[in-house]
Amino acid sequence: MSPGRESSGGRIAIEGLTKTYGGEADDERVVAVDDLDLEIEPGEFVTVLGPSGCGKSTLLDCVAGHVEPTEGRVTVDGDPVTGPDPSRGVVFQENRLFPWKTVRENVAFGPSVRGRSTDRVPELLERMGLSSFADSYPSDLSGGMAQRAELARLLANEPSIMLMDEPFSALDAMTKQRMQVELLSAWRETDATALFVTHDVEEAILLADRVVVMTARPGTVKTVVDVPLERPRGHDARTTEAFTDLKRRLLASIHDEAGSEFAAEAGARPATLADGGDDGDGDDAADSSGGGGSP
Amino acid sequence: MSGAATVARVRRSAATGATTFARRLEAVPRSARRAVSVLAVFAIWWALVRFGVAGFAFFVSPVETAAAVAAHLTGEPVADGGTIYLHAAYTTARVLAGVAVAVTVAIPLGLVIGTQRRWERFLLPALEFLRPIPPIAWVPLVLVIFPTVRLGVVFVVFLGAFFPVLVNTVNGVRSVDDEYRRAAASLGAGDREVLRHVVLPSALPAIFTGVTIGVGLGWVTVIAAEMITGEYGLGHVVFQAYRLIDVESVVVGMIAVGFLGAASTALLSAAVERAAPWLEGAPTGVTR
Amino acid sequence: MTGDRIGPATSLLGLGTVWWLVGATVAPGLPTPPVVAGAAATVATDPSFLASAATSAVRVYVPFLLAVALAVPVGLLAGWHDPFADLTLPALELLRPIPPIAWIPAVILLIPGTEPGIMFITFLGAFFPILLNALEGGRSVDREYAKAARSLGTDSASTFRHVAVPGALPSITTGLSVGMGLAWLNLVAAEMLAGGSGLGYLTWSAYTGGSYPHIVVGMLSIAALGAASTAAVGRLDRWLVPWANRSA
């Protein structure tokens, strides 16, 4: 099956997604994601921002096909996701380069197991600044280089969707900022849709066309915010007024969320962000299509 | 009260004494400390023989042993016949054959048991039933069942090596990190590629551990089997020499067994380093 | 899982069938399962058999405890303190490659009395695995914990006691379990060659006396005692190292 690599490919639709973990009885179950709706356009870069334990990794796992939803479904270009597929590449939080393969073998892994040409591998290694480490084992790489290698491994498959689960969270602050800009420039050379999970507000803004803020327990979309920054974005984007303004709004929304846990327990609905045109859309979507029988 | 205080003081002074001794010891060069250790073995051995402690009165000294080793290495027959090389060749061949069969059977079996739940249910209980029987306890039954003693000895070696390889392979496969499987699946790998590129290499350190233990037990069982069955080989040499009260050959046989065992372990770890270069000095990915 | 009885039952039934088939076809000397069961039933109440089992157990447990008392402190200290390792390990590495069983003739010549000789062999069988695992345990303890303890005010002796000992404990209990298995293995060889009594000797004399069903009874009773000993060590492990056994 060839993943459609036309610019129209890579539309992700998440409908009424619910994922619970744990036992048979109600009180043993943990609701990781609750009745979540989200649509992502082809070629769009969406970041999912939320506190730890809000179910954002579960959301990503469902799109990747590693985890089966309890209810609802995920479709890509209209086809339901039933399992992992090379058209949906994943970058993991801890680097998951195979320690027993060299950097070159890791980057060539996708094309070679699928019986495709690996001609592009040297160019990719060059592009990601890994040429001189091509024959090294992952244990010889620094954290930043390892994540670049993992990104190269994903790009070698030419996926229509890139899924990233806090890929830079283990890096030091300087390396992290450099990697964010490198990711943006690598992504711009593709026409892939990107879904990127993070708990770092600046990272969420810098990378995204839209930031999805998730609430914890149960995990669902609280608000969706457009990022009105010009592309290409570099390090200086962080200091623009639009950026800091957005950061202030998102921080307020998150902290409001953290503080509202008591309120939620008392049965009150979490407060919504007052300004910003998009959050209304997000909430409406959640309300209108979520009626289908979640307990 | 005063008694407790005295005890405390004695303890403290003992501790200080130990600490000063440790300090002085650290000042001595490493090679000297190691040399002392090895020399002590020979010195104690020499003294035990020299002063005739217990049965050592009739035992050979290190010097006599060195002469005997030299004589046997240059072709003098051991115990009731045959050169040490002949017996060593018999023993080595049996270890190689038994371990080779064990590895060929146990690794695929371990991969199946570790990855396929439905096969594990049917295979593992029978194997777990047989596992506690020490391989050497099989010797009498093997003598009854097997058409030739030679084949029987190889079977006992096989049993000795089989279970360590199997158990370590199963454990290695089970401890494969799921995220590697997911990563491979996301990159387009099917079940067979996941087995080949993820499960097998990831379980390799554990498998190597199993093979190393298996080879060690192979040497233990082969010596026991040769002693009991009276077949050719170093085990037979040692036991036959004992019957003939040929103390020199007893010790030469022991040294030969020890040397070959140590050599096979060293060869194996060199082979592992070549086969799995990524394990060299890598703190990640390798547990246990 | 708890509900699954069919798998194990099929598995053991299959083993019995293979055993029976081997006896019926290629190995006429192999006694069939019912014959062995009959022999086991008569032997189980035989006082001399029970005495043999007790003899074997004593020959394993006394040397095993001695090996623990010696190998754990030596291995742990060697793993924690390099100069001590330099003094002890080269000598022990010189002796280790010689399988305990190869010592049997020398031991008969050197140590007066059968009982101490056999116990020395089982001691050797248990000693080295316990030593190596204690050594590995001592080496594997993260030295940062020692620094942490030191900066909290411990001296070197209590650092050893509160950091090295518990840190090495999971590895030590692994060594105990391996050592127990090897003690039994070496006991069987020693009893077959020089025993005069014990389960290994009983199994061997069943062969020389042509009473084949009793060979299998002997094997299975050695296996049962060995498995019980390993299980006991496993319990000890769960009791001593609760922090490492929580998820398993």
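Going in written order, the chains are labelled A, B and C, and every chain counts its residues from 1.
Heads up, the rule we're going with is that a residue touches a chain if its C-beta (ideal position, glycine included) is under 8 Å from a C-beta of that chain, and two chains touch if they have at least 3 such contacts.
Because the structure is predicted, anything quoted here is derived from the model rather than measured.
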Chain contact topology (line, ring, star, complete or other): line
Chain located farthest away, centre of chain C as origin (C-alpha): A
Which of A-B and B-C has more C-beta pairs touching across its chains: B-C
Separation of mean Cα positions, chain C and chain A [Å, integer]: 52
Approximate Å spacing (C-alpha centroids) for the pair chain A, chain B: 50
Where chain B and chain C are represented by their mean Cα positions, the distance between them in whole Å: 14
List of chain B residues in touch with chain A within their complex: 179-180, 182-190, 193, 197-198, 201-202, 204, 276-278, 281-286
Touching residues (chain side chain A, partner chain B) in the complex: 64-66, 83-86, 88-90, 92, 94, 96, 98-101, 109-110, 113-114, 137-139, 153-154, 157
Residues of chain B that touch chain C when the two form their complex: 15, 19, 22, 25-26, 28, 30, 33-38, 40-41, 54-56, 58-59, 120-126, 129-130, 132-141, 143-146, 219-220, 223-224, 227-228, 234-235, 238-239, 241-242, 245, 247, 250-251, 253-255, 257-259, 261-262, 265
Residues of chain C touching chain B in the complex: 4, 6-8, 10-12, 14-15, 22, 27, 29-30, 81-84, 86-91, 94-95, 97-106, 108-112, 155-157, 181, 184-186, 188-189, 192-193, 200, 203-204, 206-207, 212, 215-216, 218-220, 222-224, 226-227, 230
